[in-house]
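Take a look at the structures below.
Two complexes come next, and they have one chain in common, subunit A, joined by subunit B in the first and subunit C in the second.
Now for the complex of A and B:
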């Protein structure tokens, strides 16, 4: 990450599809990256599901729409897009997304759209060099 | 015949990701499977009754939902499918929701009338 850049650390626990917190967190991450703010993410517990690459869009039998008509970007697509956005180039911030490895193993979600495998020690490392921390816990 | 009263209170949770409200979706699917259903909107979910909702401005990392959630239209489809949709008048009023801004098919009830709805149902699901 660029020296002297502002860095935000976000710890998130929620899985996709259940709460408004996930969308809010992803939007915060994007806004920060676009402002040149580096973002560390520690995906904990259900949040490791966000980037799981096996997510599949589906047709909607209630609405009678096809997969194509639904055009459903599952959260893994958003996570992947943030991974591309957060490359630290063109004045954008750099994204360092760490998935809790034990949480990944519990859920069989080794295949991830972005980020790296880690653990609590990575969250601790994030805390040493961050401007601020936002914990978005499951409620 | 089993009649299910679905009390929907939790609102706008994961609907941007899902492109649907999960409870309303399941209610409609059960209706299509033959279940007799009704819906009572209470608390935050009274906002679902407001017409012309559109969450099409969401975009994350340049990726937009292809079919953004239209909760009012989903409710309208439920009503047209024969599902009675009640909503609690006081809960809407507390949130500044004006009846003229809501779907015409919503049947507004006072809190004091809710117990009567329970008596008409054989199963009550709280969402």
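Now for the complex of A and C:
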């Protein structure tokens, strides 16, 4: 388990359903929290869609399965689960997830599964108080 | 002592930027810097034994540590016993351990 002063900052801008970068980012966040490492996330541009609560799972008409049978997970559920995992209890790290407010407003994504609204000043604050930074850039 | 973590997510056969990115890692390795290249996502295509990726082999020769995400291997049906020389199988836990060090400089491609 990491020293509880260890904090990682991850910046991500990818939307859901398009790239493997989202999966890798969420896996990294989960692994760090489970190790007791605090994680700051700055989600901007399309990444503010990751936690949008109005995402709906769908049936699969090709296989003829219902919504329930398909059990299709949505990114908002993964983000919510990370929010719960990152409550800082039981030796886990704390998650501070900030969604870029301008990006949220542009996309009408105000309803979020976890995190808070912020802006570049919050990213700056993250950078002043972090052990390391990973910017997951798009291509 | 600084160490460098290069996270390569792109398939070198699809994205020529991968070679340029890894060339930076190679130059650092040649200067005896501590370098880890972590292949994730489609970057895992670079580690198959038989895949012609000269920069990967040059990194190995120069002493860089080469790791691949086992999750990416499984997703792509790449067997862990069919990897090029010098490739270690790891996971996001290993990446987090490197990132948790303030001496690590991490760069994503």
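Couple of notes before you dig in:
Please note the rule applied: the second predicted complex is superposed on the first by the 135 of 139 C-alpha atoms of A that agree within 3 Å, B and C clash if a C-alpha of one lies under 4 Å from a C-alpha of the other, contacts with A are read in each partner's own complex, and residues count from 1 in each chain.
One rule holds for everything that comes next: a residue touches a chain if its C-beta (ideal position, glycine included) is under 8 Å from a C-beta of that chain, and two chains touch if they have at least 3 such contacts.
This one's a predicted model, so the numbers in the text were calculated from it and none came from an experiment.
In the three-chain model built by superposing on subunit A, subunit B fits alongside subunit C with no clash. Draw one line from the C-alpha centre of subunit A to that of subunit B and another to that of subunit C; the angle between them is 60°, to the nearest 10. Of the two partner chains, subunit C is the only one touched by A:35; subunit B is not.
By the touch criterion defined above, A:131 lies against subunit C but remains apart from subunit B after alignment on the C-alpha atoms of chain A. When the shared chain is aligned, subunit B and subunit C each come close enough to touch A:27. Shared-chain residue A:139: touches subunit C; no touch with subunit B. In the superposition on chain A, contact is made by A:84 with subunit B only, not with subunit C.
Note on subunit A: of its two partners subunit C and subunit B, the one contacting more of its residues is B.
For the pair subunit B and subunit C, the minimum alpha-carbon spacing after aligning on chain A is 5 Å.
Residues 20, 27, 30 of subunit A lie at the contact with subunit B in one complex and at the contact with subunit C in the other. Residue ranges of subunit A in contact with subunit B, taken from their complex: 16-20, 22-23, 26-27, 30, 60-63, 65, 69-75, 77-78, 80-82, 84-85. By the touch criterion given at the top, residues 7, 9-10, 15, 17, 40-42, 69, 71, 91-93, 95-97, 99-102, 104, 106, 108-109 of subunit C touch subunit A in their complex. Those residues of subunit B lying in contact with subunit A across their complex are 12-20, 22, 25, 28-29, 32, 58, 60-67, 77.
Residues of subunit A that touch subunit C in their complex: 2, 6, 8, 20-21, 24, 27-28, 30-32, 35, 37, 131-137, 139.
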